[in-house]
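Pasting in a structure now, in structure tokens, and then I'll have a few things to ask.
A, B, C, D, E, F, G, H, I, J, K and L are the chain letters, set down in written order, and residue numbers restart from 1 in every chain.
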Amino acid sequence: MAATTGTSDHIYKILELVGSSEKSIEDAIQNAISRASKTIREMKWFEVVQTRGHVENGAVGHYQVTLRVGFTLEE
Amino acid sequence: MAATTGTSDHIYKILELVGSSEKSIEDAIQNAISRASKTIREMKWFEVVQTRGHVENGAVGHYQVTLRVGFTLEE
Amino acid sequence: MAATTGTSDHIYKILELVGSSEKSIEDAIQNAISRASKTIREMKWFEVVQTRGHVENGAVGHYQVTLRVGFTLEE
Amino acid sequence: MAATTGTSDHIYKILELVGSSEKSIEDAIQNAISRASKTIREMKWFEVVQTRGHVENGAVGHYQVTLRVGFTLEE
Amino acid sequence: MAATTGTSDHIYKILELVGSSEKSIEDAIQNAISRASKTIREMKWFEVVQTRGHVENGAVGHYQVTLRVGFTLEE
Amino acid sequence: MAATTGTSDHIYKILELVGSSEKSIEDAIQNAISRASKTIREMKWFEVVQTRGHVENGAVGHYQVTLRVGFTLEE
Amino acid sequence: MAATTGTSDHIYKILELVGSSEKSIEDAIQNAISRASKTIREMKWFEVVQTRGHVENGAVGHYQVTLRVGFTLEE
Amino acid sequence: MAATTGTSDHIYKILELVGSSEKSIEDAIQNAISRASKTIREMKWFEVVQTRGHVENGAVGHYQVTLRVGFTLEE
Amino acid sequence: MAATTGTSDHIYKILELVGSSEKSIEDAIQNAISRASKTIREMKWFEVVQTRGHVENGAVGHYQVTLRVGFTLEE
Amino acid sequence: MAATTGTSDHIYKILELVGSSEKSIEDAIQNAISRASKTIREMKWFEVVQTRGHVENGAVGHYQVTLRVGFTLEE
Amino acid sequence: MAATTGTSDHIYKILELVGSSEKSIEDAIQNAISRASKTIREMKWFEVVQTRGHVENGAVGHYQVTLRVGFTLEE
Amino acid sequence: MAATTGTSDHIYKILELVGSSEKSIEDAIQNAISRASKTIREMKWFEVVQTRGHVENGAVGHYQVTLRVGFTLEE
């Protein structure tokens, strides 16, 4: 949906993750990205696939955001 | 999209709600959940179906978030 | 998904925009609305089509939110 | 898809209905709205989800229109 | 989307058709059903897949409605 | 997707339910229908919206099937 | 969904509009086409994206139809 | 979604069918395939498009499964 | 998605086909159209529904393109 | 679509699998889960993406069910 | 679906175009981009929305490709 | 969408990749398949999920094609 990067010879692999947070949708996204960055180095972009969450005592307990994350396969 | 709960014999009913907020998407979600919790006790999860909003004077006036909310039908 | 406005004789045109922000999804929406309001006066509503973003050094670099924005065609 | 209403603090509930008519799609919509208005007072908008119908003797017997109908939850 | 018929042992075949009319969406549906009834006897139901049309001189020239039509395969 | 019923003047309401079963998809559907029939009399048809489930010790723990169920609104 | 026009070298631009009418879906489509024809000359076709409307006093107040409209970019 | 067959020069035609069964989803699929095999010889694969059914006396009366079925067009 | 044809009284039937080619996506489309033209005369347009293929020894073995093809039902 | 689990700090990874069975849809799901459990320990849930199969001699040869499977990324 | 560009403060506008070619899908895309570049300078990316075409004498007459094209709104 | 392979006891895993090429859509698909074949041996089929690209100086800079690729999990 957004602009593509400069060089044309990259191959990306797409990973699907679910991140959680009690604070916000953005924090759930960041938690998933942070956890994945422990094992995957060349993450470039993400796309939100679904936003959902848990209700506890009539309030939002935590958010769960499903992401597709693209990273470069190194040559 | 997220993990299922422990026991297998629950029947859920799904309700569709639209919550609003001038502050944030998360606040619109919370407003819908809070209002529904006045009459529904066993809400367990929600899923965001659509995020939209109102524009006033070239700025976001308020957010409107459509949710599907699942709650347990008591036996 | 939300209630329609009062008078029935309006014709809307829908524009599709992508806004960005390093801070939040709401800020990316607001940036797109603000920029568009420089040339379009009668914006009334928006709808989020897609939420994605850029990853930099294992963290969210910025959010990119695609919006459909409706504005009144003046008679 | 259309403009949102004035005040930002409304919570809507969405109901799904199927209306029928031998005459027209508009009449099937109107029949569902009329029937629902007997028990629900604050209906504000509807959205057509599906249009289908019955064939009898090589002609349209009746139309069946599935609607999502939004109404205000009173505070 | 609507109720199923009485007996459980029917096999239906689904045909996809596009009907046209200068008058209305309903008339385009009826034209497709009428034409198909010349060769298919046991048509039971239809579902609208898409509604589109032709513009001529700033006005709707004709409507084109794509239908899925179900008919019984006779034993 | 299936044939429509005989008379044209029915108005249906659609309810969304999630049924569970450790045995099969069909049993999860039946459990949701049985539970709903305690309070709703005139259920006529259902449509499977999603099939998912729980994994326990490398095996399917139970199935969860989301249904849209249509019932007649009595005049 | 329908047949394509004769010559192969046309480039079309697609515009998205919402038309309204108190009378019918067809009238809402015609209103959007008429209004757009004041500034766009070479409109060729339209496609209905969504049909929704406003409820007033338990009846349909007006219909709102979202269209994608294609017109030729002149060389 | 599954692997493609050996030779590359096949042309398939796709047929859409609805099968029914009082017993199970699999039996409804098999009934549609069996009935179609009376007139179509080279059926190769199927894909489930929709699963729905009939409710009778608070229980599933029968299942109705819509299939897309592919068969080879002989040269 | 493209312009509609001249006269308004045509009824189209839509056929779904899968064409294959070892060379290209365009060639797979052409192969399906050529094969279908042996028995169907008045084909007017096609729409690509899905593009997939076979992998052999780490390379594309052949492409498989699913098409919806519209043809005029003669009066 | 179902309830979310207890603690909020889990990150899930989603894997996509296709399982097969000559017996039933449930057996195809179980086969995919069993095979994946050889290398993945913390599988929690699955979601059916597509159900299809092979036709042999006018009968269902085997079912193929595509699943999205979620498992916990250990901290 | 692909990586996002460097700076985070860009606002994009999305335009929808249909390009045609008798030669290939790629040529139809290029024709639409070339034509649009006469009036829009900062086009950055495109996304294929639909591929269809015209059949003439049992062969593909021309391809028609619908694109969403993103370009930077200059500050 | 295409025929399934011979034996029924295969389990496939699906991988999502983005390939690029300055030449054509087919070349972008082939580049992704070639790169993946360095580490994955039993790739069987692919399915195009999205086709997009980069615009440079009013022309297509390169194509980016997102694929789902299926490969056999060896027993």
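Here are some notes:
Going forward, a residue touches a chain if its C-beta (ideal position, glycine included) is under 8 Å from a C-beta of that chain, and two chains touch if they have at least 3 such contacts.
These numbers come from a predicted model, not from an experiment.
When the contact pairs of D-G are matched by residue number across G-K, B-C or H-I, over half of them reappear in B-C.
At the interface between chain D and chain E, two copies of one sequence, fewer than half of the residue numbers in use appear on both sides, so the contact is built from largely different positions.
If each chain is reduced to the centroid of its CA atoms, chain E and chain I end up 22 Å from each other.
We define each chain's centre as the mean of its Cα atoms; on that basis chain F and chain G are separated by 37 Å. Residue positions of chain A touching 2 or more other chains: 1-5, 10, 12, 16, 18, 24-25, 44-45, 47, 52-54, 64, 66, 70.
Listing the residues of chain C that touch chain A in their complex gives 18, 24-25, 49-55, 58-60, 63-64, 66. The residues of chain K lying in touch with chain L in their complex are 1-2, 24-26, 29-30, 33-34, 37, 43-48, 69. Against chain J, the residues of chain L that register as touching in their complex are 3-5, 8-14, 16, 68, 70, 73, 75. Residues 15-22, 31-32, 35-36, 52-54, 61-62, 64, 66 of chain E are the ones touching chain I in the complex.
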